[in-house]
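In what follows, chain A forms one complex with chain B and a second complex with chain C.
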Partner chain A sequence: MALADLRPRPSARRRMNMFYLLDTSGSMRYNDCIGSVNRAMPEIVGILREISDSNHDQSDIYLSCITFDNEARELYDAPVDVKDFRWADVKAEGLTNLKAAFDLLEAQLQSGAAMSAPAGHLRPAVLLLSDGDPDDGWEEALDRLQANLWFRQAYKIAIAIGCKPSNIEMCRALTRFARPLDAGGEPVIISIDQLDRLYDVIKLVSSTVSRIGSSNAAAGGRSPAQRIRDAIVNDAGNIVGVNIPSMLDDGQGWY
Partner chain B sequence: MPSLSPGTVITVSDGSSLTVIAYIASGGQGEVYRVRRNPGGREMALKWYTNRAIIDNPDFLKTLRHNCRHKAPSDAFLWPEAVTDRQYGSFGYIMRLRPEGFVDLGKFFCIDRNPQAYFRSWLAKLTACIQICDAFSRLHNNGFSYQDINDGSFLIDPFRGHVLICDNDNIVSDGCSNGVSGKPHYMAPEVAEGNTPDRASDRFSLAIILYRILMIDHPFEGRSTTSDENRCLTPDREMLLFGREAVFCHDTADRSNAPVEGLHDNSILYWRYLTSRLQRAFRIALCRRAIVDPCCRIRASSWKQMMLAERAALVTCHAAPDVPVHDYLCEGAKPDLCPLCGSMTGAEVWLDFGDAMPAYRLTASKPLFLGESFVPEGICRAVNSSGVDSLVLENVSRHTWHIVESGGRRFKVVPGAYCRLVGGASINFGSWRAKIEI
Partner chain C sequence: MVLTHASYYPGASHIANSKPVQDRAAVAQVVYGGGRKATVLLLADGHGSDVHYLSDVGAEMAISASVEALPDVLDILMKRIVRGVAVSRGVADDRCVSEFDRTPADPQCEAAMRMFFARINSLWASKVLCDWNSRPRMSNAASLFGVARAYGCTLLGAVRAEGFWFAFQLGDGACVALDAFFRPFVPVPPDSRCRMSQTTSMCVHDANDFRYAYGSDIPAALMLCSDGLADCFGSPSELASQFLAQIVRDTYSAGFAEVEEDIAASLPALSGRFTGDDMSIALWIDTEAFSPAHLSAMSPGLDRAVGGELSSALAEMAACEEAIDRISRQIAELDPGCDEAVRKESVLSTMYRRQSELAGIIENLKKDKHT
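Let's turn to the complex of A and B:
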């Protein structure tokens, strides 16, 4: 008779989905913003892998990327384990069809593949990166998205690149997007004036959100949502050319 | 980016200094470096804080200095040995370097990522439990509480079960606070609600750690924590389900959170291998009453006595020569067939120590540990002389044993020699005496 194998199974881990909505419109070529994204993303994947591994039994980080210009495209049709995620470089051309990106995100948030990990989930995170005024239709799409329970629970972070006072529609879209809804806490919106900071900021934001969100780590009486904002305000706010506007209402507070 | 570069010299408050050799790792509070102490040249580890809340907290540094003046409660603690001066915008402390062969406890919970991180025997698991209980009972007796016991606090040797306790900078005199609260899944409900951690909250976390060493899965993970209702485990839900409203997955009064096949297989499988007295102890330690009432929690010293009793009664099986030696927990009489390999179980002999320590079962290949020692005094071996199997005990200690057989014959067993285990004989090990019972 063989000896019973008493090696354990891995303890069941929850999943934290991270969604990136990345603007790939033609203007992202300016100052090589698209190049910053293409250089930062593979590194972010590496950072997320390390964080996911060091979480032990807390959670696995899964990643999904949606890019949008004339239309929206998904790199994978559902979030994949960061250990299997491969970034493919993106080009910048076309318009800013944010509506299509919101629709694709909503589809992923409703799908069984994305949101049915056997051991359950932690709050997802959604990072939106954009450099211009979105085309019409985004508002209705965002209304639908905001009715989705996963989106309501998600940590939402908006990163505005080169936002000028004339970008009223962009301010409105990002402000509305970043409303915490059920996640609580204050909205997190980051405005980058010095475009060469983009690379550092998205890396910093990615590691902060994933580290705090994937372990539900509360500290000093601060909720994870508050800690994400604390950390980003602290660290990103110290980078020259980067502002964290304090948001009160739609579009107010940017300038 | 590590904040200190190799070659940086750091001054220590006792007047000595350190030279940074290499960066090792970083965590939520700070970074760890390999450093050389000057003078002397001894290599040590430097914990260097990067967390602003700690750097700016004058009480934290004060507590650290206070702990440094105390000696470590036991060898298991990687205790702060000296604190540095404030410099380069921060401060830190030095401790022993973490030796080879020790693995973070958290890695034992994800064997898929860490294929070597699993306990090789029940003896290794018991050893880890005994060493942890011993460390915390000494710490608590010295008037300290650890505050933040979690899976990141322990380094364990998966072969022998030896334990090192890290992050001892959080330790404070019981009743004090340094602002550290704890980690979800390990934190007592009253701490999650804002109370200051103390010895009683340490005991809550300790019961979870002991369960996880023996069972790997989390004691509060089950049907209800993975139900559709908790599909998205928000921080608020988590605080309740692993705190104030937690239900032990083996709670007999409330089966709502029973382990689920496919998700909590370790909790299901290993539970069957526990003795009923250990099952009972966990049901007391993790019942609803103990969760909500800090007074009802089991002390580290009581756990230690239970684990020592399990070690004494453990059965080692060396039935088939081609199968590696294995062991299992066993209370009272030994089963006819080994639950792990299915062979007929071999002979056993008991050493009766009276009130000095629990009676100790000897089976082929089982080491004999006296009292609370982790160094074997003897090793039991099966021999076959003229067709008869019997057990002998080899003296692997450094001193001579004195044996008196029931007929009055006396002889000595020098180190390296062995003696037959004859019923009625008594063995004098030096500080311990036992009677052999067959």
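Let's turn to the complex of A and C:
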């Protein structure tokens, strides 16, 4: 038997997990934000399939979705290969229980749960999308999440919808969430003022993160985290009504 | 007779991106202790990204720095390693990021080892500066990212000396071995910072970030490889029990020349099918260590390895089938085409895909077991 024949096994493809944390509180109905999510997600799947099929590093992309309103729930029972992923619309109602979403994500980011591909994982990506101040308790949950090794390594992107100066708690939560920790680089936060741009932003962020994150090869003298940030800043910054804010010095918010 | 081999190959993604091969591997001989000779395997994996654009040069320098530093530490080890000793030591305690990384302190040789690694770092840095200064002045990477990062690489080494051996590692890749009874083992402890395409490196980390192992019973076969090859396998143990074991078996059945040809053909093929990364390998096989009695144990040894993998594949298959059954029943209770049913059908499709993959894996393993 030739050595090359030793492992002709599909299981040896590495996996990149993408986690979507989607705010489905009642306020997401305003300006049909939830409709933008529902329209963008099926299109993302097609883009991600192409990326997964074409990358040289032979990694598969798996998707997980956690929605949060009065409580948090996993939309899919297990991470779904993007080849099999079908989106079903979500509805918006209730409060903004970000704490429960963080707890659920922490439970997923365990070797026995979502992170159990036999051939190992590339860094996961976590995309958080929210439009309002979270309910109490999110900070303690985020502390627990930030102690998780997978989360520390993950690419983290926060999308703030219609954030006003009075949304201090939302600003703090998304800023703390987006801290790169062990992934390196600078935080990636996208603030959307023109709400009809949400659809474009979700597609842009998803395709950028999956394209760069599912490949081993780096380019341009920058880390993957920095390349993701640069690409998003460059592309999202050109969309009218979308801002890439700068962090405040104390790391508690943006301007 | 001790057979040795070292080689390296460009990865599929490096070829696709017109990048040079940045791995290096070598076999060297080092003289120590007043004329004693040691056989040394060395391997370095230059980092792939553009910021490390001289990492192929850095990898060569890491190898030559190790060769220069080795005689002094071998002089110390030959006096301290006594019969029956076997030590496995990870990164220094202050570098552990989890309990997973923590290993017992090594009272015998820790200080000497850390000095040896510091010497490698120092020699490497000196070579880097010398090379950098010999190049035309450039205004790009050095000022932006620092000189050392341009040369960044990992380093693995293994030494067969008289009456003892030792191995060391900084960064990802694997050092795996088989003992005289054909049992696979992984001598050098892991470092949890080396995961998800991240690694410790010669350009950033220091003596306390090396891991090492030594002992008096020299492994009958030992192999170093870069992560391009190691990541084709589920774990280092699997790499030892399948890949290295197959090499040893083929050496006895077909001859070492044929094995070397197979390595040259197979590593690029594995890169293309799995990791896309550069591939490098360095190994020794002590043909006399495997006595006829041990050779007859080779097949049972392989059977056990295959059997272990088969058990885990069967267990995963059972879990997969249980999930398929559960989700199918849930779907049957839902209105056809409702949102929840659509989501569950997505999960079910992924489960079926995995079930099909597992069926192929199990079939192959059963074939392996019978052959």
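Quick note on the criterion: the second predicted complex is superposed on the first by the 232 of 255 C-alpha atoms of A that agree within 3 Å, B and C clash if a C-alpha of one lies under 4 Å from a C-alpha of the other, contacts with A are read in each partner's own complex, and residues count from 1 in each chain.
Going forward, contacts are C-beta pairs under 8 Å (C-beta built on N, C-alpha and C of every residue); 3 or more make two chains touch, one makes a residue touch a chain.
Computed from a prediction, not measured in an experiment: that's the story for all the values here.
Peer 1: Would you sort A:Leu3 into first (chain B), second (chain C), both or neither based on which partner it touches?
Peer 2: both
Peer 1: Could you look at A:Asp89 and tell me whether it touches chain B, chain C, both or neither (first, second, both, neither)?
Peer 2: Only chain C is touched by A:Asp89; chain B is not.
Peer 1: In this superposition, which partner touches a larger number of chain A residues, chain B or chain C?
Peer 2: C
Peer 1: Looking at the overlay, does A:Asp81 come into contact with chain B only (first), chain C only (second), both, or neither?
Peer 2: Once the two structures are laid over each other on A, A:Asp81 reaches chain C alone.
Peer 1: Go through the superposed model and pick first if A:Gln153 touches only chain B, second if only chain C, both, or neither.
Peer 2: Both chain B and chain C are touched by A:Gln153.
Peer 1: Is A:Asp53 touching anything from chain B or chain C once the two structures are fitted on A? First, second, both or neither.
Peer 2: first
Peer 1: Answer with first, second, both or neither: which of chain B and chain C does A:Asp143 touch in the superposed model?
Peer 2: neither
Peer 1: Identify the partner contact of A:His121: answer first if only chain B is touched, second if only chain C is, both if each is, neither if none is.
Peer 2: both
Peer 1: Considering only touches as defined above, state whether A:Arg14 meets chain B (first), chain C (second), both or neither.
Peer 2: Once the two structures are laid over each other on A, A:Arg14 reaches both partners.
Peer 1: After the superposition on A, what does A:Glu71 contact: first (chain B), second (chain C), both or neither?
Peer 2: In the superposition, A:Glu71 touches no partner, neither chain B nor chain C.
Peer 1: Once the two structures are superposed, pull the chain A residues common to the chain B and chain C interfaces.
Peer 2: On chain A, the residues that contact chain B in one structure and chain C in the other are 1-4, 6-14, 56-58, 118-123, 149, 153, 215-221, 223-224.
Peer 1: Give the list of chain A residues in touch with chain C in this complex.
Peer 2: Per the stated touch rule, the residues are 1-4, 6-14, 56-58, 62, 75-81, 83-90, 118-123, 149, 153, 215-224.
Peer 1: Name, in rising order, each residue of chain C that touches chain A in their complex.
Peer 2: Counting only chain C, the residues touching chain A are 12-13, 16-17, 48-51, 53, 97-98, 141, 144-145, 192, 195-198, 231-234, 242-243, 246-247, 250, 262-263, 265-267, 269-270, 273-277, 316, 323, 327, 338-340, 342-347, 349-351, 353, 357-358, 360-361, 364, 371.
Peer 1: Over in the complex, which chain A residues touch chain B? Could you list them?
Peer 2: 1-4, 6-14, 53, 56-58, 115, 118-123, 149-150, 153, 182, 215-221, 223-224, 234
Peer 1: In their complex, what parts of chain B are in touch with chain A?
Peer 2: Chain B reaches chain A through residues 28, 52-53, 104, 106-113, 118, 151, 179, 181, 183-185, 194, 216-218, 221, 225-226, 230-235, 238-239, 262-266, 270, 273, 323-324, 326, 339-343.
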